[in-house]
Amino acid sequence: MPMDKLKVLFHINETEKWKVVLGNIANLISNVGQKNVDIVVIANGFAVYGYTDPEKISIIEQHSGAGVKFIACRNSLRNMCQEGIACVREDILPSFIVIVEAGITEIVKRQSDGYAYVKP
Amino acid sequence: MPMDKLKVLFHINETEKWKVVLGNIANLISNVGQKNVDIVVIANGFAVYGYTDPEKISIIEQHSGAGVKFIACRNSLRNMCQEGIACVREDILPSFIVIVEAGITEIVKRQSDGYAYVKP
Amino acid sequence: MPMDKLKVLFHINETEKWKVVLGNIANLISNVGQKNVDIVVIANGFAVYGYTDPEKISIIEQHSGAGVKFIACRNSLRNMCQEGIACVREDILPSFIVIVEAGITEIVKRQSDGYAYVKP
């Protein structure tokens, strides 16, 4: 009988944690094999800025092509303006980034769907 | 058939994360509706200080009135003295704050009861 | 009927969080009793350095003797060299530290086995 596919949700809300998250994903896929794990990354808070960084996007795009799902919180994209830093406009994000209204809802629902939670 | 009620536990152990937690709660309720989500906040470590901050307490009290449960760890309240900062006396906390002996036990038990875990 | 044994996984990836993790473990065992909880600690990233600190190791060894399982991520041990700080050689770690190839895989699998996740 085949092993059940692993399911994991990475929650990132700090820009400086992207390196850790992307390293964890590479290690996980290398260790168990891409077809044996379902990986979702949810970025909210300041971490949504990671989606505007060309260096990170090139790694994110590779992972995305390998089936990793990357999600951005719309509330967070909007709130960046209020934090006194530049807003993140949705239309400048790469099309493989999925935007949800509230990242926090996605975090809760995924866990009730059996995803493990990891906060690097 | 109605959607199962979502259940989520916010774990906060750093004072400076209260703003994020309270924002997450507001976004979550706004997104799914108050009656569709069961929200518990467990503060341990330095985060118990949040319960003594009038500005935060006014927001916490509003959420509490809307059904969000706020919990403080008694071990943490006591330990604040040993950290060389002022103790937090239980009798100065608002009565809607629930005090448990060990916040960590509550964190583990809630997850075994099906609560999603979020660490902002 | 006896209470189901609690199961919890502590994830630590920052050296400075060891004090919190070890305090949480002591509080948890003191609160529910050693025989009622199954505790696993997974250290990856910089936190693997904790396993080389004599002061921490003496506490870790006591908890280990009481049944707490301590795990180190081999990827992280290796990566320390690349971070420009000293590598952590596996053969200098105490024998009660279990080394796994990828800590992140262990974190995901344990949760699918019913372990609660705590990130102090």
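Labels A, B and C are assigned to the chains in the order they are written; within every chain, residues are numbered from 1.
As a convention for this text, contacts are C-beta pairs under 8 Å (C-beta built on N, C-alpha and C of every residue); 3 or more make two chains touch, one makes a residue touch a chain.
Since we're looking at a predicted model, the values are computed, not measured.
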{"item": "Touch-based graph of the chains, sorted into line, ring, star, complete or other", "value": "complete"}
{"item": "Rotation angle (°) superposing Cα atoms of chain B on chain C, nearest 5", "value": "120"}
{"item": "For chain A paired with chain B, centre-to-centre distance based on mean C-alpha positions, whole Å", "value": "25"}
{"item": "Interface hub residues of chain A, defined as touching at least two other chains", "value": "117, 119"}
{"item": "Residue numbers on chain A that touch chain B, as the complex places them", "value": "11, 13, 45, 75, 79, 101-102, 104-105, 107-109, 111-112, 117, 119"}
{"item": "Chain A-facing residues of chain B, complex", "value": "4, 6-8, 20, 23-24, 27-28, 30-32, 37, 114, 116-120"}
